[in-house]
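Each structure below is given as structure tokens.
First chain A sits with chain B, and in the next complex the same chain sits with chain C.
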Partner chain A sequence: MTSIPTELRYTKTHEWVKIEGDIATVGITDFAQKELSDIVYVEITALGKKVQQNDPVGFIEAVKATSDIYAPLSGEVLEANVNIHKAEGDAPGVINRDPYGAGWLCRIRIASSEEINSLLDHNAYAELVKRSEHH
Partner chain B sequence: MSPEKSLFELSRPGRRAWSLPELDVPELSLDDYLGDYLREDNSLPEVSESDLIRHFVRLSILNHHVDKGFYPLGSCTMKYNPKINEQTARLPGFTQLHPMEKETLTQGALQLMFELGEYLKEITGFDAITLQPAAGAQGELTGILMVRKFFEKKGENRTVVLVPDSAHGTNPASVTLSGFQSVQIKSTPDGLIDLNELQRACSDCVACLMVTNPNTLGLFESEIKTICEIMHRYGALVYLDGANLNAYLGIHRPGDAGFDLMHINLHKTFSTPHGGGGPGSGPVAVKKHLEPFLPSPVVKFSDGKYWLDYNRPDSIGRMLAFHGQFTILVRAYTYIRMLGANGSKEVAECAVLNANYIRKQLEGIYDLPYTRRPLHEVVFSGTNLKQFGVKTLDIAKRLLDYGIHAPTVYFPLIVPEALMIEPTETESLESIETFINAMKEIASDARTNPNNLLNAPLTTPVRRLDEARASRQLDVNFNG
Partner chain C sequence: MAKQTPFYLKHLAAGGKMVEFAGYLLPLQFRGIVPEHRKVRTTVGVFDVSHMGRIMISGNDALRFINWMTTNDVSTLAENQAQYSVMCYPDGGIVDDLVVYRLKDHFLLVVNGANNAKDTEWLKQHLSGDVKLENITEEVAQIAVQGPRSESCLQKISGIDLSTIGFYGAATGTVSGVEVLISRTGYTGEDGFELYFPETQAIKVWDEVMLAGKEFEIEPIGLGARDTLRLEMKYCLYGNDIDQTTNPLEAGLNFVVKLDKPDGFIGKDALEKIAQEKPRRRLVCLEMKDRSIPRPRMAVFARENKVGTVTSGTLSPSLNRGIAMAYVAREFARPGTELELEIRDRQAPAMVVTPPFYKYGSRKK
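What follows is the complex of A and B.
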């Protein structure tokens, strides 16, 4: 079954967001990693830049296809997860194994806390996944 | 272990596959000409003629290719390449010609390029052409750079190129590489360009719309005239990705529909080798208003002579050394001359018929997310087999066991678990039936014997590869 933790917020483009103060940690959901299949490369191209909500912050390359990662919230991209960038071993595979933990992608300093209301809660995201699965 | 050793492993000192005749001109020292550039140890393989021939024959047996079997790779138009193309391309008058030879001594080659250009213009409905680009994606880049130059010349600052989500993946890449911002246009549930979305995205910042028609679902944009009119109202240009020209060859001329420019894939529609079999060729045809920006030089004909026009101040410059992939142009020219106008039309008719026959036969066995009648290719989805733990990748791998190349999978991105099938016109009914039966057997195996799929391929020289590991631990060096 697809895991959707209740304490996180979600986007329609299958990112998850963990909000702690004015910092948002961003990753892709369990559903997204399963759809993408084996992830082989990740790049956070917007590291150190200010982004608007829904702007691409980087991309994720899987065996099947390459997809953009979108900013769930506006703000400055402070940090990218170095453990998934390492060139040796199967580093990006961490996203497949632990999408909500060690496989996080980047951290954003939230510019506008009002935007948080536009994110989906776990129930709304579960609905979205259900619809996608029956596509 | 590799099923075939490389030539470097087969190498033994002193073996030769070719002996040169006795020297009949004075010998010159390479040191005098190359100096420091001369490498002492080149480590080139040394093999006998029989070693060499056997090596390549064995590789061709291990490989899958269009001379060996069906190759329904959607979007790639892997049609059979007639062998007469190879005969003309090997004529010594062409192969022994140097590209820097004087025009007076290359009239035949220039005439061929000129006439090929005229044929392609007539087929597509455009006014001028370059044969230079080396492939479809380079054709796109050439086209979009011309679009940029067109607006620069007009003094208009346009920054955006619109690309529908049903376009080829290279389109947004070409847009980005040309310095534009690529903005995606969503398709309707029918799989066509959404005219309302398009209108909303239009502004005087938009330089161009890049259309793949028929799109990657094989669907013809029935509103294409209106689409071109909308773009022209905003002063924008419309680019056609001509990769799918096989669907309407000799039937529809994109220039008449209102397109400003397009690229043509000679290696798809005009039967020149590709897919590891040869270099590509992506001529770009344009309307009059874009002619000044064509890459230099352009082949011209006047006063009974063919010549190369280098005096083109507004040209975007060169896209490739010399004159493009010349012997590929010879092959495409031969193909067009062999088919003639009626033959070209039959190509499209049979390509469309074959794709739709497959669609009808496999409907209900695989999901068909877009139900409009396609042209030359059909996109199924393997979603209905997911419940048995089988993915589209497994279906594709299993087809290899039937001696059939897998279709394009997981593309277009708007179809989950996509299987994109393009049979082309060169397959017989028997070969298409063989494919259909294989697809039916695979679907039934997915229910009763999924391991056959999950472990496939079972009979190929190399079994299933660990693609994720190959990408994560990329190693492309030969270490002896």
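What follows is the complex of A and C.
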């Protein structure tokens, strides 16, 4: 079964967002990591930059495909997960194993808290995944 | 509506992530592409290849007919031998690549699943003399057992002495009591076999192979690893690396194009001309010099000039490097040539290398 924690918010492009004060931690969902499979490389190209909501902030390479990561919210990309960012070897595989925990990707300082309302909640995202699984 | 192979429920039970491919629901992967890839390179894995098209050709003129339709020389085949080949259009473009088996009283053509209907139609259009064509795809199940331990695994349940079957050799006999055609063929670069048997016996054979392979930790392998395994060997995939707009000479398939076989073949005149003038481009192997991963349709550059296009690309699980097959202009096809791939917004360095990418396969020669 695809895991979708209730306490997180989501995007249509399968990122998850955890909001703590004005900091948003971003990763890809369990559904996304399953779709990609075998993740081998991650780069947060927007590290240190200001981005608008839905701008690409980086990309994920899996064996069979490359996928962009999009900013769920506008703001400054403060930090990338040093354990996996541009890492060699098996390190990026943690995204497959623990997408909501150790496999987080980056942190953004939220520029506009109003945008948070545009994110999907658990139920809306579960509905999206259900449609994607039965396409 | 996508069709199911006889092994569909087996794939579901094994946790296969199913996708539509060549009109069938097939497993893209089970445990993951990389572990499945390594399984085949180190021990043994099983592929459901029932989606492949199987066409039986018989009659007194069968050999003459197949020799006209394909570029390799069928007359050199002894009974129970197979050969890799291609079918071409008159302009030298490729209809399909295939394996031709010469069996006791008929020939078997094994074609790409996605091209099965097209190929059958193409063959039927050219039927002449005493030739009978029967598409037996639906009645026959096909599996590939691949990896260095494939012979040890299959010998346990096989009534045939497998050591007597050479590379691209075939035999008929029993595997777990079921009549099969078995050949030492595959698409991985490892030693391995392909088995053909009645669709009604499919589950029985599958279960027996899995049981025999238990001591080697045999696993089912999905399409994802099938693709990375074949790419590491520079085996062409129709639709990616070859199609009707490419010819076998530029694709490096010269070894199956017999321009001097006695009665000619469809596409011979065009290919003869291409051979004389030399192909303008060649399908080469590219290995990335940094960590980037090439993907199909990426542009290939030499300095500022576009000189080619990637047709297949992946991370090579064996080399842990990005690898690609690409058509490049002839002047840039020599191994050692340094080129760049346009990846995202930058130029990533790559080098033309000698195939195969993976040089330690257990495949018999």
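Going forward, the second predicted complex is superposed on the first by the 131 of 135 C-alpha atoms of A that agree within 3 Å, B and C clash if a C-alpha of one lies under 4 Å from a C-alpha of the other, contacts with A are read in each partner's own complex, and residues count from 1 in each chain.
Throughout what follows, contacts are C-beta pairs under 8 Å (C-beta built on N, C-alpha and C of every residue); 3 or more make two chains touch, one makes a residue touch a chain.
Only a predicted model underlies this, so the values are computations on that prediction, with no experimental measurement involved.
Look at A:Ala91: by the touch rule set out above, it reaches chain B but stays clear of chain C. When both complexes are overlaid on chain A, the residue A:Lys64 reaches chain B and chain C alike. Of the two partner chains placed around the shared chain by superposition, neither chain B nor chain C is touched by A:Ser112.
Counting the residues of chain A touched by each of chain B and chain C gives the higher count for B. In the superposition on the C-alpha atoms of chain A, the part of chain A touched by chain B in one complex and by chain C in the other spans residues 37-38, 40-41, 61, 63-65, 88. The part of chain C that touches chain A in the complex is made up of residues 17, 29, 32-34, 224, 227-228, 291, 293, 295, 314-315, 317, 344. Every residue of chain B that touches chain A in the complex is listed here, in rising order: 369, 383, 393, 409-411, 413, 416, 467-469, 471-473. On chain A, the positions that touch chain B within their shared complex are 35, 37-41, 61, 63-65, 88-93, 132, 135.
By the touch criterion given at the top, residues 34, 37-38, 40-41, 59, 61, 63-66, 88, 96 of chain A touch chain C in their complex.
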